[in-house]
Structure formats: structure tokens, C-alpha cells
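We call the chains A, B and C, going by the order they appear; numbering starts again at 1 in every chain.
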Amino acid sequence: MTVRVGEAAEAQPFPKAALPLLEDAQLRKNVRHATDVITRKRGLVVGEQKDWQQLRSAGSAIKAHTLRHLESYVRQFEEACTAAGGQVHWAADADDANRIIVELIEQRGGKEVIKVKTMTSDEIGLNRALEKRGITPHETDLADMIIQLGQDKPSHIVVPALHKNRQQVREIFMKAMGLKELGDRPEDLTDAARKYLREKFLKVKIGVSGANFLIAETGGVCVVESEGNGRMCLTLPDVLITVAGIEKVIPKFRDLEVFLQLLPRSATGERMNPYNSLWTGVHKSEGPQEFHVVLLDNGRTKILADEEARETLHCIRCGACLNACPVYRQTGGHAYGSIYAGPIGAILTPQLFDMEHSQSLPYASSLCGACYEVCPVKINIPEVLIHLRGRVVREQQSGASAEAIGMKAMARIFRSRRSFEAAQRLGRMGQWPFVRDGWIEHLPGILGNWTAVRDLRPLPEQTFRSWWRGREKGNKHA
Amino acid sequence: MRISLFITCYNDTLFPETGKCVVRLLERLGHEVEFPLEQTCCGQMHYNTGYQTEAMPLLRRFVKVFKDAEMVCIPSSSCVAMVRDHYLKMAHATGDAALIKDVGELLPHVYELTELLVNKLGVEDVGAYYPHRVTYHASCHSLRSLHLGDLPLRLLRKVRGIDLVELENIDQCCGFGGTFAVKNGDVSAAMLTDKLRCVENTRAETCTAVDNSCLMHMYGGLHRLRSGVRTVHLAEILASTEEEVVR
Amino acid sequence: MPEAARSAIVERIANANRGVDAGAREAEYEAIERGYQTVAEMDRTAILATFVERLREYDAQVHEVGPADVAEAVRAAMAQHGQRSAVVSNGFPREWLPRGFELRTEADTSTDAMSATEGALVTCEVAIAHTGTIVLKNSRRLTLLPDRLVCVVRTDQVVETVPEAFARLQGMAADALTFISGPSATADIEMTRIRGVHGPRYLDVVIAPA
């Protein structure tokens, strides 16, 4: 099994990847604006929902329950979906999934497909696999189109092109659509997309989608969207192929009453997004007469096996943690090197790889807790980050890195009062080469990262404990 | 009441004034303060950086030192969060029944300074005097782990002579985050820049918090910019009186 | 090969959940705490008022009418856009059909013809006041392809909360359902909400007495 998460295995470590982004003023302005707007809207619609905390608790409980009984729920979904006329395929990893999808398309003589926004297909690198076989994928979500036509990478789970402003989108569209004239109002750009895609929707015979929820009880699938491109791809083609992670299963139809309240408010700050589509297998009256679901593992069962981190699989891909994250808000999504950015990406990506790649991501957080606070299914992301840092330390290092040596030495110092007090004395003496005019403005090694932008006050002459000891002595004498 | 002080390793070493002010404040309010000299560090830095094995002996040490304390006061929100959020889970991971029991019994007696003052001792007006323009920075742990709410502000509002100004974007992290500040120094610096802009906008002379770790980071940046704004721990403001003004 | 992938995945799931009693699944499901609102708290007037307000916030037009005026309201809604024809959903009540339009039924209209048509006329199964949502069964293409959508909602179809709607929809759980909340929209460019991308740009809701 070879897990793939987009191109994340080859990505640079976070601190390095962040650098050029921090220097891109336009990008930072775009990211800041977008996250500010969604955060404000989310605050309003979450604030008016009096039972928000109860919904979060229920959402979290349903997800935890489903994961506990995942085997029977996935099997139940498979049976129900098959009974309703769908065909279920299982893919152990990205290559497996791509092979299944390519075969389905080739067997039907398909040369192009229309796609609804699906993170999972980005995860497995489906578009590249299709293009290799001469099949053209058309992304139909506006933001995904901007990314695809601009040969860019997504930087957000929900609004993947938030790092582009209207002028940048206009340029991309004019070039890719061969337009001589185009306004730069969002209305103009949206209109261009509508005209460009309508013909494709009516012509292309095969659609590819992801899924927000798979319903075990009925074998049904639910896709949540705003523009109507999703409904086009789900309704008009003759053949529909849905690719979804096994963790997308929920037990019953009625559980949507929880998730359809949590997801739109968290994702886009709307009470409800414009369109939710629910279908079950094949419907005689209309819609695709051939329906396939590809159930994907690609590392998910490894996450499931880690008791302390399996809540990562609760994620409903709302992106609220990205918008709330002070780190994401500075860098945008590309620094994470993965199609899954932000706090959820920082825990999901390395785990999908079973910690073999992306080890810098669990450290790309100040552990401020904003992500946990907004998570609609209560994933305690800071806890999981700390747990994964533990795995990085245990699995990556043989204890020989400078950091590990330093940390272990410090831990030994803290293990006795005598060594702690000796270290305090030593530190006071050792610092003098670095002190200038009562401040430390430059330190060597990794600590230089501190003094690059911040000064440091030297250790004071007297520690608290020596002051206390002196006071106690004085009290006794008095 | 007899209050045991866990001053924390970095306050002990880097910010002794904070500790002295906690002692002065609590004694002024009529309480007896003890400082067990065997204490060192709660293990937060190790735990949060992934050196969980190394943090275990520090947990055991903390429990041993404070097991019989009537109440433990910690003037650092992140260290309280370490103890409160992680100790029980860590103890359970050892399977040591006695340790689990000790941690379980100790936790309800551990207080962050403002929790101790307002919730446990029932005081908001501590008789302080501090004639400066002050803005309050809410540390992430104080907000989202300890849920201190307006406890620090309630104490500050009762300080005589103070000119308290609200800090914009108070719920945004300052960018410290322990080893994050060096491991991701550039992103940390970008977050700090945003935070300092908000601090400067208040035109406060003093920025205060319940955690010297954020303040060390923020003061480091403010000093580099030669901004003139100083940072002091909340305990130092509360310890300040007309007879004995702190700075 | 496919069978191999299936059994490998199922086995890995089972290993991860060793010790879980599969027989306890239903009981554990029933024990999930659902402390959120599941029944109406407002009176009927307030529920309808909320529904109307939320629809309007999505930029939908709302027309509340008496029992005898539904057909006229539908006519007016269609006329305001200068529309002359429409495709009518299967099962749309005859008494609500407007006069003076060229009407075709959904069953007799191809996908391409739907895409070329001016507007659609439909009813719904249930509507949700809290979220300003109408829920439709079938008519998936019809409510998507034409640029103007008129939907007649009976007051007794409007519930206050999302959970109440799901309770009513349980019998249709395996049907093709579409939840519509306002016109098609996007905020992908600079977070500016734009009405109408691929779905209808205009949504008119006529609220008829039960």
C-alpha cells in the first residue's frame, strides 16, 4: 500500500515553505480578507443558534460511534447502495482508486469528465492520473476552475482560491477561455464561468464527485454545495463515479439533521448552503443510470488504529479551523505542502502517511486552541498535535539531534533541585558574552530564531528562590 | 489560608519580580504563603514539544511536592493548563493507580492566580494602585483552556488610578507558543507583528497578562522596536499600592 | 484484486476496533445524546415570519397569498420577469396553474429543452423556517436548468427546525431529495456573494394556505 496525499510527500518543511508566502503581501492581504469575512459571518450564524454546543456534542458523538462500529456501517452502506442499483468498489490506496476510476471511464469510452469539488480526488491525484491516460477532467466549482485553469494549487479546503483576488482571476480566465474582453467584477467572472461550463454540463457523459456523507441506513449519498455545478454533475451525466473516504459514512438518514446544521454554518457562515443533493443508488426517473462509489482507505485505517488520534477522522471538511488559525491566517494554505491545509491538515496529512512524511506539520501551530473552539465535531486538534509531536520525537529521532540532546539534558536538570539551581547559576554566568547594554540581542544556533526579531532580557542577578531563601533566613533571625 | 506557591521554572529564573509580587499580594490579603524549594518545572515545554517521556518524571515531582498542599497557586496560565489538561491523562498512561489517585486529588486544589483571588478567595478589589494606562493581553491558555473569562479584567477594573484600555483582537494568539517561537520563528514573528500593532494602537504604557511567557515574547519585540511600551505580569499591578508603587 | 482490497480494508478496520461488541451497535446509537432542539418553540405566525425573512435574506422573492390567489400569485411572479413559458413539475396541482402561459410538463421535456426553457414551476415536500430551506423530491433537472424557479409552499409544509424536517422526510429517505436555500450562489471571488452561478438566478416562493 502506498499512501499518496497530493504532492505532500515531496513538500518542503513548513518553516521553509512559509518564508516566501510571508513575503507575498498580496497573498497575505487576500487570505486575511477571506478569513476575516468567513469568520465574521460564522460568528453571526453560530451566535444565533442557541443549541450550538449541543449540536457539536451530538456531531462528535455520532462520529465517534460510527468509527467504533465502522466495519458494520461500511458494510451496511455497501449492501444498501448495491441494493439501490449502485456499485461499490474498494481502494486500498490512491493508485488503487485512480486505477478503478480510469478503468470505469475507459470501459465506457469516456474522453472527458465533469467534476464536482472533491478534496478526496485531489488527495489521490486523480486529475493527473486521468490526464496521463488522455482523459480530460473539467473542474466545475468556480474556485477549483480558477485553480485548474491557473495551474495553481488549492490553499483552502472550502474556498481553494481564496489567495487570488478578482484581477488575478480575470487574467486566468481571459487566458484560459480565450476571451478578448472580461470585466473584473465578481459578477462578470461568475457569468464567464456559467457560459463556459453550461455546454460541458450538457455534453459530457461521465461525472466524478466526492461525498460529504454516505448514509449506511439507506445507501444514500449527500453532497453539499452552493453554485449548482454539483447538481449538474450529479444529475446530468449518464454515469456518476463518487470517490469517498471510508470515514464519510454516517449511521442514519436522520443524522443529517445534525451535520446539515453544523457544516454550512461552520464552512461558509450560512444558515444553509444553497444546495444539498441526496440520492440513493440509481433513480429510474432521472439522474445517472449508472452509479459507482469508490470507498477509499489511503491511510485512514492507520489513523483509526491510533486511539489517541482517531478523532481526526471526525472531520467534515468545513475549514473553520483554517479560518480561525493564526498560523494559517499568516501563511495561507500553500505552506502546508498538502491539499489539506491549516490545523486539520497539520494532523491529517502526516497521519495519512503514518508519520513517514510531513513531520514538520504537527509543529506548525502555537497550540492556541482556536481550532478546537470552532470545530463543529469537537476534534481536539491541539491534543492530537501534541500526540503527533510525540510520535515524531519517538519515531524520527534516535535521540541524536541537537534538539533531542538539549531537551533531554534540560529534563535531567529539572529532575533535581540541586541540578536546577546549579543550571540557574551557570546560565547567569554563561550569558555574559551575549549581553550588550543590559539586553541580549543576538544568540547562536536555534536560539538565534528568537533573537532574530526579539530581544531578550538577561537572567536577573537573583532568582526568586534565592530571594525567598534570604527572606526566610531574615524572618528566622527577626 | 495557607497557599503553596508553584512559581514555575521560568518565573523563578527570569521573572523573580512576579513571584515576589505574588507573595506580597497574598500576604497583604492576610494569607500565609509557602514556597517548597524542591519544585522545579511542570514539564510543559517537554510535553508540548513531543518529549512526553521526559515530562513524566516532572509530573511525578510536581505531585510529590504539592500532594499535601491545601491550595496551590500558579501565576502562569499555561503551566496551570499543563497540569489541568494533561496530568490525568499522563498518569493514566502509566497505569500507576497511586499516581492516578494523587493527581485526581491534587487537581481541584490547583489555581491560576486570578482564579484563586476571585473564585476561591472572593476578592476583586485587592487594594491596588497603579497610575498608568494599561491594556490586558489574554493568553490563549487563559481564554480557551482555563476559560478565565473576565476574571483578570474584574481585578484590573478595581485598581485605583488605572486607565484600562481594551486590546483589539484580544482572542488572537501573540505567536509565542513555546518552542513554536523558535521552530517557526518567521511565522511567530509575523503573528507578533500583528499583536504589537494592536498593543501600540491602544497607546498604553503597560501591557499586562497572566502569563510571562507571552509577555517575554511581546516585550522582546517591543524592545527591539524601541517602542517604549513595557510589559508586566498582572500580579505586579495587583501588588502595587500607593505606599509601594511597582515601577 | 478488488476483492483483495475490500477484505484488506475490512480487516484493518476490524483490527483497529478489536474488543468492540458489534451487537451493542444499535443500543449505543440510541444512547447518543441529542440535546439540540428537535421540536418547534415558536407559534405558527412566528415560524412563517421567520421562513419569509430568511428566504428574503437569500435574495429570494416571497409572495404570501390567500387560498383563491395562488394561481394569480404564480402568474405575477412569472410575469415580472417577462416570462411567457414554463415547464411544470409532474404532479403540480392544476388549480394553481397560471393562465396565459405556454406550459409544458416535466415528463414531456428533454434535458436540452429544460436548459433552453425560461422557467420552472414546482411544489415542495417540506420547508424549514430556521434555514429558509425548501426540500423537493425528484425534479432535479427542472429545478436546476432554467434560470427562474417558482415554488409553491403550503403553510402546513413549513416546520421550524431542521430535525422536524428530517422527521417528515424519513419516509422519503431513499428518494432523490434536493434542499434549496435561495438562488444558486458563490462567494469564491473575494468572498463577495454572487447570486446565480449554474443554478437558477431567480427564486420566487409563493406561500399558500394549507
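FYI, a contact is a pair of C-beta atoms (placed from the backbone, for glycine too) under 8 Å apart; a residue touches a chain by one contact, two chains touch by 3 or more.
Bear in mind that the values here come from a model prediction, so they are computed numbers and not experimental data.
**Q** Once you've mapped the touching chain pairs, tell me: line, ring, star, complete or other?
**A** line
**Q** Taking the mean of all protein CA atoms as the centre, name the chain whose own CA mean is closest to it.
**A** Central chain is A.
**Q** Could you tell me the distance, in whole angstrom, between the mean C-alpha positions of chain A and chain C?
**A** Here the centre of chain C sits 29 Å away from the centre of chain A.
**Q** For chain B versus chain C, what separation do you get between their C-alpha means, in angstrom?
**A** For chain B versus chain C, the centre distance works out to 52 Å.
**Q** Counting in whole Å, what is the centre-to-centre distance of chain A and chain B, each centre being its mean C-alpha position?
**A** 32
**Q** Once bound in the complex, which stretches of chain A touch chain B?
**A** 14-15, 18-19, 22, 326-327, 330-331, 362-370, 372-373, 383, 386, 388-394, 404, 407-408, 410-411, 413-417, 420, 424, 427, 439, 441, 446-447, 449-450, 452-457, 459-460, 462-465, 467-469
**Q** What residues of chain A sit close enough to touch chain C in their complex?
**A** 30, 33-34, 37-38, 50-51, 54-55, 57-58, 61-62, 65, 67-72, 74-75, 84, 89-92, 96, 100, 140-143, 146, 159, 161-162, 164-166, 169, 186-187, 189-190, 193-194, 197-198, 201-202, 215, 217-220, 226-229, 231-232, 234-236, 246, 251-254, 256-258, 260-261, 268, 270-280, 283, 285-287, 295, 297, 301-302, 304-305, 310
**Q** If you look only at chain C, which of its residues touch chain A in the complex?
**A** 2, 5-6, 8-10, 12-17, 20, 22, 25, 28-29, 32-38, 54, 58, 111-112, 115, 128, 130-133, 138, 140-141, 144, 162-163, 165-167, 169-170, 173-192, 194, 196-200
**Q** Hey, which residues of chain B end up touching chain A in the complex?
**A** 7, 9, 11-16, 18-20, 23, 35, 37-41, 43, 45-55, 57-58, 61, 85-86, 140-141, 143-145, 171-173, 175-192, 194, 216-217, 219-221, 223-224
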